[in-house]
Amino acid sequence: MEVSPLDRNGMAAWCARDIPEGWLVNLGIGIPTLVADFVPPEHEVIFHAENGVIGVGPAPAPDAVNPFLINASTTHVTLRTGGSYMHHADSFAIARGGHLDLCVLGAFEVAENGDIANWARSADEPVKQVGGAMDLAIGAQRLWVVMEHTTKEGEARIRQRCTYPLTAKGVVKRVYTNLAVLDVAPHGFVVRDMVRGMTLEALQARTEAKLHTEFSR
Amino acid sequence: MEVSPLDRNGMAAWCARDIPEGWLVNLGIGIPTLVADFVPPEHEVIFHAENGVIGVGPAPAPDAVNPFLINASTTHVTLRTGGSYMHHADSFAIARGGHLDLCVLGAFEVAENGDIANWARSADEPVKQVGGAMDLAIGAQRLWVVMEHTTKEGEARIRQRCTYPLTAKGVVKRVYTNLAVLDVAPHGFVVRDMVRGMTLEALQARTEAKLHTEFSR
Amino acid sequence: MIDKFVHCMADAMADIADGSTVLLGGFGDVGIPTALLDGLIEQGARDLTIVVVAGGRDGSAIERLLSLGRVRKLICSFVRPASLAGRLLQRGDLEVEVVPQGTMAERMRAAGAGITGFYTPTGADTLLAEGRETREIGGKLCLLEYPLPGDVALIEAWSADRWGNLTYRDSARNFNPVMAMAAQLSIAMTRNVVPLGELTPETIVTPGIFVDRVLHVPL
Amino acid sequence: MIDKFVHCMADAMADIADGSTVLLGGFGDVGIPTALLDGLIEQGARDLTIVVVAGGRDGSAIERLLSLGRVRKLICSFVRPASLAGRLLQRGDLEVEVVPQGTMAERMRAAGAGITGFYTPTGADTLLAEGRETREIGGKLCLLEYPLPGDVALIEAWSADRWGNLTYRDSARNFNPVMAMAAQLSIAMTRNVVPLGELTPETIVTPGIFVDRVLHVPL
């Protein structure tokens, strides 16, 4: 059977279906932002954007753009009924203070100890893009990562230890890739789901860390 | 000539006339609260109350009391046009953050080094009443004290060093008493004004600290 | 559908455990969630630590809780000697931690904001600093303070919607918003119930994400 | 009478000194006081430290200030490699301090609130903590952060009255309120001018006590 890796929307949808109603969720830049498109509006999930928006809604119709309303990716959004605004310090109080039920971020690498690297490709890279990722990663009740399973060159991004500079230690709880869903358990990565046609052997071949199938050993 | 010590209102009025228009001022409990009564409304001074009121106005008419609006002394007040509300943490950010042009407090004792004691009469007093005085004392741009020049028993409250537990060190800039106005200068208390009939000798007799008449020596 | 309204006091007070730290909003007689305090008395939790601006006058809402012996410790900015709290303290029947009022508010904000400690000049030169960690920063002696989280917060609001978004009236705001963000379980009573979307987004003071339960207690 | 309105850009920008630290509101293209930034360019102050969420894209409001060589240092949460700030940094022509965005906002709030230092887990386990003071609190490694005050803040508001009370529109609030409280001299531009008393007291976001000058710049 042929393997069907997911595209960006497929990964976002895979993540979206696991978000229970009522959660407060922050979505990072990139694929994570797409997750909101796959949560049906009647399923009340409250999306938080670091720039002080609580209750981010879908993109506006092209003729109904509010120039004063953007999300953390600086794209125009709407506000859901019941939404509100706060300033940047209060907004990050939400992130740092443990009020987010979930944060979904992109990453370069995730390690089996829950470490995440998503802000710099090397320690001596001159231009660094921290943004709000470090505040979100340490503060959310749970951090999920959505990313391609390997680099374009086929190198593993699911690793025993991260090789890039860390964003935070021991915080990732789950990873959605174009091939699988992995939970981070005390003993390492546990395969929770795989795309159609994928085998554990084939997945392991694309993964540097050891993959487990049991949630405890 | 006979000495005419001021009453509580007289002391408050003496202080009030030295407050320039435009200042943000916090008034402590007791005589300081009366100061607002002697600032004419057309002279725009903004009074801050620790419980989150900016722009405290005069007492309401008895038939127009708003039960949701009190000052830090928990008495009913009005809100001046232009006033606003904030929560307690933001309100004390104003105090601690140096945004008050002036804070006026009562005290048990003030010392020539600017120390103030206004919260406890001894270190082993079991019941202590800190309130917001310590936050206000360290944070305001200038701290003025309004108090009786001596205790009821005639003991000096204007001292070389405070004998009661301190509220803050080196913060008092001026003292208004029922007898005189004293500035706290680097070399000690300087007499700025005295009530009618008072002499420097008579004032010194009621004062433990040395009184100066020159602002520098 | 998110709906944080509970429809009776028993549901509002459910699962408040003995030994809880309870943050109690209000200043003077304004913004105190009196009905919730009565509900807490009814509910029966004991051995409580109460965080509140002051020990309360005799006749105040908190006096009854104290008089029933349900409070182990009071964290507050002052206690009047002529009050039940003052008398209990002097008899050694109540543990009291006196905290400067601004520090108290800031410690709760820190708890809500994930700030694990902060330095303030407040009280650093006083008896309150004895035996505690200080540091000179920018020429000022500063005191290290730690967050003050609650297991429960009891909040009084003016208006609320089903998401738990809250507004407050006039100076009834006081400690309520910081307490709402500092507690694991924030329980609000509201004087008014409004449909979702009726509160203007720019004017919501406490977003519902800080609120777990809302009980309608009309004025 | 308190009247914080100034009637021309020159008055708004008066006395901004060379070497100043300027807090610049905005996030993305929203809430940036572009007219005031243009005024600052005109005014001529140089050797500036600019605190702003990001180094800006090419074509952004801050690019011109950078291109004129007026900025000595940028304190921000990220710099795009493909931007003037990124190119200047890589050439060594611009000093950049990268600060996590939440820490940046909190450091300004601390400056405005008289908090002289605070601990946060943010970044404590990363390169950003190298050589800096950390402490374990409650089992978490935390980084000691200091306040980030400004000499000047440039603020964009939606409505203002003569006391300098401000409201913001939608997500244009962002950094503006914390910057207003963190600077010695806070200069706001407002899209709308309203009579004193027209802003509902409960809905004022930045009270005028944090604002020194207001310039009306209609939309």
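All chains are identified by letter, namely A, B, C and D, in their written order; residue positions are counted from 1 within each chain.
As a convention for this text, a contact is a pair of C-beta atoms (placed from the backbone, for glycine too) under 8 Å apart; a residue touches a chain by one contact, two chains touch by 3 or more.
What you are looking at is a predicted structure, and each value in this text was computed from that prediction instead of being measured.
Novice: With one step meaning two chains touch, work out the least steps from subunit A to subunit D.
Specialist: The least step count works out to 1.
Novice: Please give the intersection of the contact partners of subunit B with those of subunit C.
Specialist: Shared contacts of subunit B and subunit C: D.
Novice: Where the centre means the average of the CA atoms, what chain is farthest from subunit A?
Specialist: Relative to subunit A, the chain with the farthest C-alpha centre is B.
Novice: So how far apart, in whole Å, are subunit A and subunit C when each is placed at the average of its C-alpha atoms?
Specialist: Subunit A and subunit C have C-alpha centres separated by 35 Å.
Novice: Could you tell me the distance, in whole angstrom, between the mean C-alpha positions of subunit A and subunit B?
Specialist: 55
Novice: How big is the gap, in whole Å, between where the Cα atoms of subunit C centre and where those of subunit D centre?
Specialist: Going by mean C-alpha positions, subunit C sits 32 Å from subunit D.
Novice: Find every residue in subunit D that makes contact with two or more other chains and list them.
Specialist: 106, 109, 113-115, 120-121, 140, 168-170, 173, 201-202, 205 - these are the residues of subunit D that touch more than one other chain.
Novice: When you check subunit A against every other chain, which residues touch at least two of them?
Specialist: If we look for residues of subunit A contacting two or more partner chains, we find 79, 85-86, 89, 92-93, 95-96, 138-139.
Novice: Draw the chains as dots and join the ones that touch; what shape do you get: line, ring, star, complete or other?
Specialist: The chain contacts form none of line, ring, star or complete graph.
Novice: How do the chains pair up in terms of touching? List each pair.
Specialist: By the stated definition, chains touch in these pairs: A-C, A-D, B-C, B-D, C-D.
Novice: Show which residues of subunit C lie in contact with subunit A when the two form their complex.
Specialist: The contact residues of subunit C facing subunit A are 1-2, 109, 111-115, 161-163, 165, 181, 196-197, 199, 201-202, 204, 207-210.
Novice: List the residues on subunit B that touch subunit C in their complex, please.
Specialist: 49-53, 66-70, 74, 79, 85-89, 91-93, 95-96, 120, 123, 126-136, 138-139, 165-169
Novice: Where on subunit A does subunit C make contact in their complex?
Specialist: 21-22, 24, 42, 44, 46, 48, 54-55, 79, 81-86, 89, 92-99, 138-139
Novice: If you look only at subunit C, which of its residues touch subunit D in the complex?
Specialist: 106, 110, 113-121, 135, 137-138, 140, 142, 146, 167-170, 173, 200-203, 205
Novice: Help me check something: in the complex, which residues belonging to subunit D touch subunit A?
Specialist: 27-31, 54, 77-81, 86, 89-90, 98-103, 105-106, 108-109, 120-128, 140, 168-178, 205
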